Structures are given as C-alpha cells and as structure tokens.
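Two complexes are shown next, each including chain A; its partner changes from chain B in the first to chain C in the second.
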Partner chain A sequence: MSAIDSVPVTVPVATTSADDLVTAFLTAGRRHRRFRAVAGRVAIAVALVLGTWYALPPLGVVERVFLPAPHDVLGRLIELVQTASLWENARATASVALWGYAVAIAIGLTSGVLLGTVPFLGRALAPYLGALQALPKVVFAPLLITWLGFGNESKVATAAIVAMLPIVIDTMVGLQSCSDDAVKLLRSYRTSRWRTFWLLRVPASLPLVFVGLRQALLLSLAGTLLAEALIGSSEGLGHLVELYNGQILMDRAYAVVVVVACIALVVSVLLAWLERRIIYWRGHELT
Partner chain B sequence: MRMLLRRATRPHVVAAALVLPLAVLAWIGATRAELVAPILLPELGDVLDRLWSLFAEGTIRPHLVRTASSVLLGFAIGAVAGIVVAAALTSADRVSQRTYSTMLASLEAVPIVVIAPILNTLFGFGMSSKVAAASVSAFFPVFVTAFAGLSLVSADELKLMRSLRASRLQVMVKLRLPAALPAIFGGLRIAIAFSLVATVIAEFVGTDRGLGYLMLRFRGAYDTASMWAIILVFAGLGAIAFVVLQVAERRVVHWRR
Partner chain C sequence: MKSPAAGTPDRQGADDALVVEDVSHVFDATPAPFVALDHVDLAIRRGEFVSLVGRSGCGKSSLLNIMAGLLAPTRGRVHLDGTVVDGPSRSVGMMFQAPVLFPWRTVLSNVLLPAEMLGLRKAAYVARARELLSTVGLSQFERSYPWQLSGGMQQRVSLARVLLLDPEILMLDEPFGALDEFTREALNAELLTIWQSSGKTVVFVTHSITEAVYLSDRVVVMSPNPGRIDRVIDIDLPRPRDRDVMASSRYGEVVVDIRGALGLR
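Showing the complex of A and B:
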C-alpha cells in the first residue's frame, strides 16, 4: 500500500444528491408517471415533517416561542424576501464567500497540480494531507480574526482556509488517476510531458476536481457564515441568524435558515449541472 | 525485516519523515527572523510551554472532557441513526428509496453554522446542544454511505437468501450489512471529522465550557500562543479519532485485503 492510498479521497457527500436532483429535473418532463409517484412520496414526507412540527409544542416537548408554527415561519419568509436588508446581507455573504472561494481555488489548484504532477512531493506530503483532513479547520478562525481584525479580510481568510483542502486533495488524486497504460501509450508515441499533461492527465482529473470544487464552494459559504457569527459582524446572513436568534425572534431566524438552505441547494445543483456540461464524457470513461 | 528496511529507506518515505522536522525548523526560523507577525504565529517554544501548562495545571481538563464527550456522543447518535434510517429505507420500494435518499442527502447542504445558534436556543447552552449539532452533522455522511453500501447486494444474492428462507432481518444482518461495512466505515471517518467540526462551531456560537469556548477566551486575551496550543490539541484529537477508526476498520472488515 503506497502512502497515497492511505489518504481518504474526499467523498462526494453533498454532491451526490445535487446530481440526483439534476437527473430528476432532466427526466421529469419525459416521465410523467414516475414524476407523480415521486411527488406523492415527497408529499408524504412533507406532511410528516409538518405534522411533527405542529404537534411538538402542544405536546410540551418544546415551547412555542422556540419552535414557531410553520405557517408563521413561511409568513416571515415571504416578508423577509421582500425586504432590501435581506438581500444586502445575502450580497455581503456571497461576496465574501466568493472571494474566499477564489483564494481557495488559486492556492488549492496550484498546490494540487504541484502535488499531483511531482509524484515525489505527492507521496512525501500525503500523510500530512491526511492529518490536515482530520483537523477541524474552523479552529483557525479565531486566530485569523485576532490577526486580521474584524473586517472582511479575516472572513475571506476563514472561508479560504475552510474550503481549500478538498481542492488540493482532489486535484492531486485526480491528476494521478489516469491509467499507467495510457501514460505508457503516449510515451511510446514520444508525446512530450506537457502534452501528456494536457491531453491525458487534466481531462482524467476533471471529474474529481469538480467534486472538490463543489465541496469547496459549500465549505467557503459555511466558513463565511461562521466568521460572520464569530466576529459579531454587522452584516451577512450569519449575522442575521445570530441577531434574530439572540432576540428570540425564532420565526425570523428559521426564515433566514431556509434562505441559506435554498442558496446552498441552488448553488450545489447549479454546479452539478455545470459539471455535466463540461465533463460531457462522464460515464464513457476516457482512459 | 529486510523488506521493512527497504521500504523505510524509499526516498519518499524518507522525505515524508523529514517534512515535520523541516516544518518545525521553518516555524522556529520564521519567528526568530520576525518574518511573520507574532500575533499570528508565536514562537514554537511559547506554544509548547502553554500546551504543557494547560495540561500540567489542569486548566484544559474540563474543557477537553466536555468537547470529547460531546463529539463522541453526537457521533454515536448520528452514526446509529444514519445506519438505521438507511437500513429502513433499503426495504422500501425503489421510488421511495430514490426520493427519500435524495431529499435527506440534500439537507446536508444546509451549513451547520446557521443551525447551531438555533440548537443553542432550543437545547440550552449546555452540552446537549453540542451533541445535537454533532449528531446532525454525523448523520448525513453515514446515511449516504450506508445507503449506498446496503444497496450493493446483487439480485442473485438476494434470490439465494430467499431460497434459503432467510427472514428480512437475516438478509439485513448476514448479507446487506457485511457488504456495506467498508462503505459505512468510509462514512464514519467523515462523520467523526464532521462531528468534531460541528461541536467546535456550536461551542464557538455559545457555551460555558469546551475547547471552542477556551479558544475564544484566549482570543479575548490576544493570547495566540495558547490558541495555537489548543489547535495542536485539536490536531491530536483528530489524529486519535482517525487512528482508532482505522484500527476498528481493520478489525471489523478483516476479510478485506
């Protein structure tokens, strides 16, 4: 077993579901009957969740103040969506998350390519990458805030640090994933290293690189929200949740959580769709 | 023995062994030459000093115990729930399987950061809200991998079990579960990391005890050396969890390799 094998490849957890959703959308129109069956199941699940939600406070499990009724949350959500302040906060969060994402991609792709194309480096650092995976990156957030202050810099840095590692590892493993036979074949044609890299390694790595990129975007969003909450920031969706939660305006807090959930879901579905367009050969393996 | 020696002297193994001392040297050199702000990276000696005194004076003990028990309890609850729900779902019809697994897995996109404050309000600032956060984040990776693993069995295998008049429970315990174990362990490894992250986040958001709380207290004092000491403790916790799971996996999935 080489050292590389001991690095657990980041498993595409959240991404598989986004993939399924894309499939569902793409095939929904064609298969009405199946769609109806699925819709029925969804309705059952929603009814079950809503039923429990309504039932809990009267049963005395939680107090109504802490768990407002679903229709109240929905009402607040509709109100909230129409206010400018929600979108300003969403914009603030999105801009920090995207900056963090950009930094994570710049550093992550560069080091991933380096580790993936220089086998010696990759093997020497693999155990440390595994160790870094086990370390919760969020613990760096307070340190970064102490260093960079309470502005946007520390938020961007937190987002980048939280998001970076999957890109590094998936790029590295992806670049190593093409078969030895394919490499030998190209070498027998005297293909230059450079051309081998672009013609073989890069296309072979893309599916895994995309998994890393998708994970990283969600992580960058999470890192941003955390930094906003930790800093006591005056803007951003993370700040909004903290604010409403602190004032026990739970219906509003839940409404913001729904907004964040929708954003995260839309982002991951969008990336899944983009991935299908770019990696059109997936399922018909190249190597 | 000879093979071991040959393996140990392979260049990349040597290089891997050299990385840590080099990193330590770089840390010492950078702080001595004042290349980095001491507020970001204090001297290694100071960090180790703080680490030592944190343990020697017993300051860290209640916090370490609280964090570790929150993580473990949350991990256990989330993992069991993930496996049970996945097992229940595999005995449902196909459409339900696809629909519900997609719905459940989609929930994973919701960042725990926004849920943690609400859990604090619901369950109070004590340990239970941290356990809740940890188990929520542990649930999803275990559910997804367990569901995929439990569905791995072939139609032939199922037919064979049925021809032997195996009960549903027997099919689950003797056929599906063993087939799923490697995948489940993959999920558990992610889940323990997730529950550690979730616990820390929940502690950051509000608590009176735990390593996350301790870290914020040191931040208030601009004591970066102590903050680095706690980061090292977290690294240790992560490493221990990783190794324990690795050993458990080798024990349980002994027929593999």
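Showing the complex of A and C:
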C-alpha cells in the first residue's frame, strides 16, 4: 500500500529480560513458581558470567591487572557508591542521556508521523532509513563537536542522533501497518483522515512505537557514555571509566561499568512496567 | 449503449432498496487482467434477505464492496434508494468475517465507535448501545475488552456495532465464517430475529449453502471466471423460520437445487 513494502517490519518481540522481570514481579504474589523459574534463570546467567570472569586470568587469556577479580570490583563498588563524586558523575550522565532522549523523541516522533502519514514522504525517504540504520551514528560525534563545541550540547546531540532512528522507523511502520479490515470499516463510515488517525492509527501503532522508545532510551544512554569518553569530557560515568582506564585502575573502571549496568537495568524495568500500564492490550493487537 | 442520467431511478421499482445495473469489475493482474464481475444485474427489495453464494473468486465480495460504495466498478452503476452510489453511505452498515474490534477499547466503547467515526455526540448513543448489547446478550460484558471474549461473543459485539446507527441495509461479508458450527447456528438464529423485528434489508455473503437457504428470501448463485450471476433462487420456505425448517423436505430440495446450480452433485 505504501512505503511499508520497502521497509522491513520490526515485529515487537515480547521476550526481553526486563519483561521477564516485570512479569515475575507482577505475578510474584500469585505465582511463586514462575518467579522461581525466572530467578533460577537469572542465577544461571550470573553464575556463568562470574565463573568466566574468575577463570579468564588463570587461563592466561587476560592479565589479572586488566581484569580484576569480581570480589575486588565489588569492594571498589561499595567504596565508590559512598563517594559524592560517583553520584555527581551519574547525575551528569543521566541528565545528558535524558535530554538526548527527549530530543530523540521530539524529532523521532515528528518525523515518524510525517513519514508514516504522508505516503509521498514515506515512499521517497524510507529506503534511506534502512541505510542510515546500518551506519554507526557515533561517526557524527566529531562533526557535532565542531558544530557545537565541547560542552553538553554536543553530547546531547550525539545521544539524540544515536537514539533517534528506532523511534522514527517504528513510528512510521506502526502508523502504516494497519489492519485492512479496520481501514475498510472506517472507510465505510467515511471517517475523516484526522479521525482515522486518532481513532485507529495512533492507538494501533503504540505497541510498535513503544518498542522504539525502549530501544532509544538505552541507545541514548550508550550514546551519552560514548560521547563522554570520546569528547574529552570532564564529567559523567563515561568520562570516569575512561579516566580510571587510563590510570590502569581497572577495579574502579569495572565498578563504574557495574553502576552503568545497574542504571540500564533499572531504566528498562521501569519502561517495561510503564509499557504494560499504557499498552494493556499487548499481545492482542488488531489484526 | 445508452445509460440513464445519474440519479434517475428508471430501472428501480419503488420497492427496490438496491439496484445493481450492468456492473463489471476488472482487477489489474499479471499475466492477464482478472474479470471479477462480468455484466452483473441484480435488484434487492426493501426488507429482503438476500444471500450471495459461490466459489472463491466468483466476485461475491467484490460485488458486496461495490454495493457498499467501497469499490468503484469498472463499468455499470449501483442505485441505492434511487441515487447512484458514489461512495460509502450512512444507510449501509458493514460486517466482516473478522470482528474488527479495537483491543484498546471496551466492548461498550467499540459499539459506540460508528458514532465517533462520524463525529456525532457519543453520549447520545450510550443508551442505544447498551440496549443493543442486551439484544445480543452481552450486557454484563460492556466493560470487558474484546480479547477477553470468545470469538462468537466478539462477533456479537460487531453485530451490535453495525446496528448502532440503525442502517437500512446490512452488508455482511461471511460474518460467521470463522466460527464453529454451534456458535454459527446460534448467531444465525439471532440475526434472523433481529432482521425480522427491524425490517432491514440484508445482503449476506457466505460459502455455506445450508446457511444461505436457512436465512434467505433469495439466494444468488454466482460462478467464477468471469464472475457472473448464474441463477437467482427463491426460497419459498415459511417464515418465521426455526431449526425445524431444516428437517423439512422442501429445505432439502432447495439445498440440492442450489448445489446443482453450483455444479456440486
């Protein structure tokens, strides 16, 4: 019917680990068994990671100096979370990542809606989105520094650019891919384009839009960390990892990595929870 | 060929709700264009229950879409209440094989959808929507979501929705085709009751000969390649009909007659 033919449709996949955790949490009261099953899976994953981590230096794959033992990292982590400096840097990173995310949402939703509702634009530009998707967006970071300087603006811009594309594509595809019967039904009532948009296309696109929004938040965090490390920033968790790495204080560097991982996990769980509240019909999409 | 001026009901009798006049429809296809309908004429009387039966590809759904104003025919025209159809009309309500209920809306809110689609004041239709839900036996489910209901219940909601704005003509495209035999019979019986008490005109597309005979005043038998009307068969079984009619010998004769017309022996 429109540009949908030329863009691979990303089907919302419901089985991310954040999803599992939310499911486990929501049903914990009623279904202990399900919770235990998920807890068991998590335990296996943790054991595998820790086991490999401990095993690598003795096997001669990497030197102990560059890969400190997990318990050393844990010790550093406990010290680190008690310092004000870590939280200041975490705040700086969160601030840039959220601003980048906000910009990505604003631009991404706007262009996604335009591409998804103006068939001419969709057809003309959709092919390039695929190509753009293959391009590592970090290559823009140096250009952005040239344009915007070394301040937060270039970091926010990097985060936004890294995060934007999934929102654009998922919004566009979500708006285009509507059940034929539903479109026919609305047409049989001569429903105006405007009403069709709000009554059908927007709600029908929400599950896919949310897939994009979730990807984008984590991408924005990744973009921020990369920018902080690349741009010679003086603050942020990315800068901290880069700093400790340069001083070969590997246990501290890994401790910061653990903090980043925890933030990412908390954020995805929050978003998965929000998604369930907003898209309560998920899994029963209009077909 | 001479054609009458637009809007003149010259070929339309006073009792005709819908007149299909020399309609042909060709779909662009490779390697050759596909003739979905070839010179089709049909008049449907006000209050009549007419079924279209035929094999896949005989053009029955295309004909329905053309009558509903959703598809512009390659040639010919359709008169609805004396005016030429040039698009969907409010006096026609459509129902499909899929219930097409919006999963983010409650049952009641789905039934109210036609009012919202036309930009009418929703509050004015709530009482009627509730009444219709009670007609189809779903009063206590008005706050449920469609996906919490069975397939048959979903199709009942869809039936209530199509009745909301009280269309004169119902165009039903295999509405119960995806349901099991038991649910299907129950819904057919309900449809008959609703039709009988409302006096609406019904055009019903189906694959099932027995269903068509049980429900209809006339059965239009179509054949594919190119899509044509082979025969129009009057069903002279007494009304009101219930399941007992299926046990009558006349019922059997009519079914055999239609099977013959479809080339089934």
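What we mean here is this: the second predicted complex is superposed on the first by the 246 of 287 C-alpha atoms of A that agree within 3 Å, B and C clash if a C-alpha of one lies under 4 Å from a C-alpha of the other, contacts with A are read in each partner's own complex, and residues count from 1 in each chain.
Quick note on the criterion: a residue touches a chain if its C-beta (ideal position, glycine included) is under 8 Å from a C-beta of that chain, and two chains touch if they have at least 3 such contacts.
Quantities reported herein were computed from a predicted structural model and do not represent experimental measurements.
Trainee: Could you check whether chain B and chain C clash or fit when both are placed on chain A?
Mentor: With chain A aligned, chain B clears chain C, so fit.
Trainee: Using the superposed model, measure off the angle between the directions from the CA centre of chain A to chain B and to chain C, in steps of 10°.
Mentor: Between chain B and chain C, as viewed from chain A: 90 degrees.
Trainee: Just chain B (first), just chain C (second), both, or neither: which does A:Pro203 touch?
Mentor: A:Pro203: touches chain C, not chain B.
Trainee: For A:Ser188, is the partner it touches chain B (first), chain C (second), both, or none of the two (neither)?
Mentor: In the superposition, A:Ser188 touches chain C alone.
Trainee: Does the superposition put A:Ser177 against chain B (first), chain C (second), both, or neither?
Mentor: It touches nothing on chain B or chain C.
Trainee: Give one of first, second, both or neither to describe whether A:Val38 is in contact with chain B, with chain C, with both, or with none.
Mentor: Touch partner of A:Val38: chain B, not chain C.
Trainee: Now for A:Ser95: first (chain B), second (chain C), both, or neither, which partner does it touch?
Mentor: Neither partner.
Trainee: Under the stated touch criterion, name the partner, chain B or chain C, that contacts more residues in chain A.
Mentor: B
Trainee: Let me test your reading of the model: by the given contact rule, A:Thr117 touches which partner, first (chain B), second (chain C), both or neither?
Mentor: In the superposition, A:Thr117 touches no partner, neither chain B nor chain C.
Trainee: Once the two complexes are aligned on their shared chain, state how close chain B comes to chain C by Cα atoms, in whole Å.
Mentor: 8
Trainee: Can you pull the chain A residues that chain B and chain C both touch?
Mentor: On chain A, the chain B and chain C contacts do not overlap at all.
Trainee: Over in the complex, which chain A residues touch chain C? Could you list them?
Mentor: Residues 179, 181-182, 184-192, 195, 199-200, 203-204, 206, 279-281, 284-287.
Trainee: Under the stated contact criterion, what part of chain C meets chain A in this complex?
Mentor: Residues 68-70, 87-88, 90, 92-94, 96, 98, 100-104, 113-114, 116-119, 145-147.
Trainee: Quick check: in the complex, which residue numbers of chain A touch chain B?
Mentor: 3, 8, 11, 13-14, 16-18, 20-21, 24, 34, 37-38, 41-42, 45, 62, 66-67, 119-120, 123-128, 130-131, 133-143, 145-147, 218, 221-222, 225-226, 229-230, 237-238, 241-242, 245-246, 248, 250, 253-254, 256-257, 260-261, 264-265, 267-268
Trainee: Quick one: in the complex, what on chain B touches chain A?
Mentor: Chain B reaches chain A through residues 11-13, 15-16, 18-20, 37, 39-40, 95-96, 98-115, 117-118, 120-122, 140-141, 144-145, 186-187, 189-190, 193, 196-197, 200-201, 204-205, 212, 215-216, 218-219, 222, 224, 227-228, 230-231, 234-235, 238-239, 241-242.
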